[in-house]
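Reviewing the structure listed below.
We call the chains A, B and C, going by the order they appear; numbering starts again at 1 in every chain.
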Amino acid sequence: MKILGLLVAVLTGCMLLYCAGDFPDWADPNSPASLHVSPHYIEKTMEETAVPNMVTAVLADYRGFDTMFETGVIFTAGVTVIILLRRFRRKDEADVQGDSDSRKGPPDDIIIQTICRFMAPFMQLFALYVLCFGHHSPGGGFQGGVIFGASFILLGVAYDLKTILRRIGARVSALLANTGLLVYSGIGALCILLGANFLDYSILSLILPATGDIMARSHGILGVEIGVFLGVSASMISIYLDLSSHGQLDEGL
Amino acid sequence: MSSAQFPILLVAVPLLSAFILNIAGWFNKKYCLPVVIVALVGSVYASFGTLFTVLEQGTIRYRLGAWLPPMGIEYVVDHLNGLVLCIVSSVGLITAIYSKRSVEQELPERIPQFYTLYILLVTGLLGITVTGDAFNLYVLLEIAALTAYALLAVGEDRAVLSSFHYVIMGTIGACFYLLGVGFLYIKTGSLNMIDLHGLLPGLFGSNVIVVGFAMIMIGVWVKMAFFPLHGWLPNAYTYAPSATSCLVAPLMTKVSVYVMIRIMFSVFSPEFTFEVLACRHIIVWLAVAAIIAGSLLALAQTDFKKMLTYVVVAEVGYMAGGVWLANTAAITGAILHILNDALMTLCLFMTVGIIVYKTRGHQFENLKGLYRTMPFTMTAFTVGVLSMMGVPPTCGFFSKWYLILGAIRAEHWVFMGALLFSSLVNAVLFFRIIEIGYFEPFTDHHAHGDDHQPEPIDEGPLSMVVPLWIVAAALVIVGMYTSGIVTKVIQFAVPEAIV
Amino acid sequence: MEFIVAKYNYWIVIVLLMIGLYAMIAKNNLIKKLIGMCIFQTAVILFYVSTAAKSGGATIPIIEHGHGHEAAAHAAHEAAHHAAHAVHAIDYVNPLPHVLMLTAIVVAVSTTGVALALIMSIYKRYGTVEEDEILEQIK
């Protein structure tokens, strides 16, 4: 196998080196990629979507359809981990001791627990800030969602899994993930019901009061980012719950 | 909601229903399958509607978010996609109806998650088929792949390791595809397929474009299980749950063949693929190797399901060789074979699923005496076998006919020989099955009855046998309507530049 | 020499790709294969992102004076612009590869998550993550 691996790697490297002469130079402002479609994105984002952050505008509006499926990919990962690992137990069955090695973990440390307990609400506030300011500074639904999920995972690492489960149970996190995705695809379906194409946010100006077509796009972008936020944070928590306890949902790492 | 929205509805309806059914499934498992069936019925309706619109009006272009391409993503439906869309949604619907008993037996606690992943897989495959944007295709390829990894891993004992090998190979394929698209992007600046088609002819001399094409092709060949990149397929499909193999075996490789055709003809033009590159003979030889290796390896198996997976590898060789032979008859045969092979593979794997449901195994010993205890199932199986061998009037005969015509036209006698050899091997394989099923006495694994008593008829459940019969009937009906399908649909799917 | 320096981002990407590909195919331990997969995907992401750069002082793809009342204050300081809101493509890096790679990173993370769940199931079933030992047990 090692020879096969070496052969494949060397062949791929040779193939790439063969064409390396033809690549545009690094950071060349006149490369074809910088001249064809992206000047439109840079120059027209403010007038077409009223969102200064071009990356968010392209992500959630021009190529919003890709982003919907990307959120679907994270959701799929969450469902996959559940279907592979989760041990579904009925409520009346006694809690069986895990058959793998004991997961006692390190003893409780009061310094770590106190600091994490203080940090968690600030992390969540920061996550909401990153979500809402995705229009004006680097940020958006994905980044905010991961930080929000990480705040719960931090509590789980500092205390134990039951701490997360008391605050956001396994079923609730799955339902929240679904809700987030339904918000995103629901906004798209709403645009069809109002008469325009899928994910054409400008038609939302019909139901949002006192906005023009362009501001409706900005609000539509915020709406889908909220959907992404819910989907990503809930999926992250759900994946952690299953991976750390091997589906038993009793003791975490 | 006019018919202009059909191209998006056939993807959006299953997608929304995936989340609705997951929520419903957390409360009561019985709600899942009805939602799946309703969503797939909607998708079938929308895909046939789209195909009929294309037949009347020509190529449809649908803009997502109402942005002009290449700024935004668009859906492009022409005769080739329209046909493949109908195949994917119909197979998805029939397998969903079929899957009820099988999933209840094999995965009783995980039904909501199974059906969520099932319908997301169908959504991913439909999305791959209908999109007109190269990067959107990558995202949907990954959705289809991730759901397939999970669905394949919840089967028997060895399924998890086989699925892990599929993860490694599949990721190599997807990343090669992504790298190839990246090469095209840095030389043209565009991701839209029609836009690339306009920009690439000026760049055909560039090494980057040639290597980009090669990387995309390698990525697609991994997904297609084209010899010698087929190593993941037999193990992954054999140990999977029955409902999963009935869904992935007919569809995933065929949709990857569609992607190959789309990249070869609609993004890069036929003159680039066949003349500028000048390597098509090598690839036809690889296809010959695929057919012969697949057939010989199938002969060596004692596991019925694994034998069928090697037959799938051989069938991929038919389609790939047909496309790279570069004449109208061969490409018509390859596209017709996408339709026919999907139906044939579905028929055979459905039979295996019913056998597994009743006898809990898929080795050759489980087949003994089944012609007497499960006559309806095995009759439908025989129709599928006749189609694999290429016996008229089943559809398998017509696609083989076109492929052989194409091989004669291109004077590639070895390919023609491989096709005939493969039909012969299929005959040997399946006559062996029929012999075991018909002549051997039935071994009842549960009772200790007397050998002299007549074996009771112990058919599979109706919800599994009726879809099987529908597919078997479709094999004959599609065969009889072949000329209609070729003149109305496939004729326009072959690019005009091909002789 | 100029040639090597002018395209140095590609050499790095090619080396990483080769390392990742070798690890995925040749290593025996499933976790090492997974790490090889991560390296491979990261190399592809770096490739795309490195093509987005623009020399000559181009800044991040966020329009500075996009806020309402601050636009007037900024306009007084912008000597190069005639109109207060003119945006020139040369001043900002290419946003499209960044967008595409946000998607690719998410896909890579999800694939890693699924692969880890599979490895956990394999470990629970076979007790090892070395591939040759697992194949021994299967026989």
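Rule of thumb we're sticking to: a residue touches a chain if its C-beta (ideal position, glycine included) is under 8 Å from a C-beta of that chain, and two chains touch if they have at least 3 such contacts.
Predicted model, so just to flag it, every value in this text is computed and none were measured.
S.K.: Using CA atom means as chain centres, which chain is nearest the centre of all the protein shown?
M.R.: Central chain is B.
S.K.: For the pairs B-C and A-C, output the one whose chains share more C-beta pairs in contact.
M.R.: A-C
S.K.: Suppose each chain is reduced to the average of its Cα coordinates; what separation in Å results between subunit B and subunit C?
M.R.: Those two chain centres are 32 Å apart.
S.K.: State, to the nearest whole Å, the distance from the C-alpha centre of subunit A to the C-alpha centre of subunit C.
M.R.: Distance between chain centres: 16 Å.
S.K.: Which residues does subunit C have that touch at least 2 chains other than itself?
M.R.: 17, 21, 24, 51, 97, 103, 107, 110-111, 114, 118, 121
S.K.: Counting only residues that touch at least 2 other chains, which ones in subunit A make the list?
M.R.: Within subunit A, the residues that touch at least two other chains are 16, 21, 23-24, 31, 33-34, 37-38, 41, 63, 66, 70, 73, 76-77, 80, 84.
S.K.: Mind pulling the subunit B residues that touch 2 or more other chains?
M.R.: 135, 139, 142, 146, 149-150, 153, 160, 185-186, 191
S.K.: What residues on subunit B touch subunit C, complex-wise?
M.R.: Counting only subunit B, the residues touching subunit C are 135, 138-139, 142, 146, 149-150, 153, 157-158, 160-161, 163-164, 167-168, 171-172, 175, 178-179, 182, 185-186, 191.
S.K.: Which residues of subunit C touch subunit B once you look at their complex with the stated criterion?
M.R.: 17, 21, 24, 30, 33, 37, 40-41, 44, 47-48, 51, 97, 100, 103-104, 107, 110-111, 114-115, 118-119, 121-122, 125, 134, 138
S.K.: What part of subunit A is in contact with subunit C in the complex they form?
M.R.: 1-2, 4-6, 8-10, 12-13, 16-17, 20-21, 23-29, 31, 33-34, 37-39, 41-43, 45-46, 51-55, 58-59, 63, 66-67, 70-71, 73-74, 76-77, 80-81, 84-85, 100, 136-138, 142, 239, 242-243, 246
S.K.: Which of the residues in subunit A end up touching subunit B in this complex?
M.R.: 15-16, 18-19, 21-24, 31-38, 40-41, 61-66, 69-70, 72-73, 75-77, 79-80, 82-84, 86, 88, 171, 174-175, 178-179, 181-182, 185-186, 188-189, 192-193, 196-202
S.K.: Within their complex, state which residues of subunit C touch subunit A.
M.R.: Against subunit A, subunit C makes touches at 3, 6-11, 14, 17-19, 21-28, 50-56, 58, 60-64, 66-67, 85, 87-90, 92, 94-99, 102-103, 106-107, 109-111, 113-114, 116-118, 120-121, 124.
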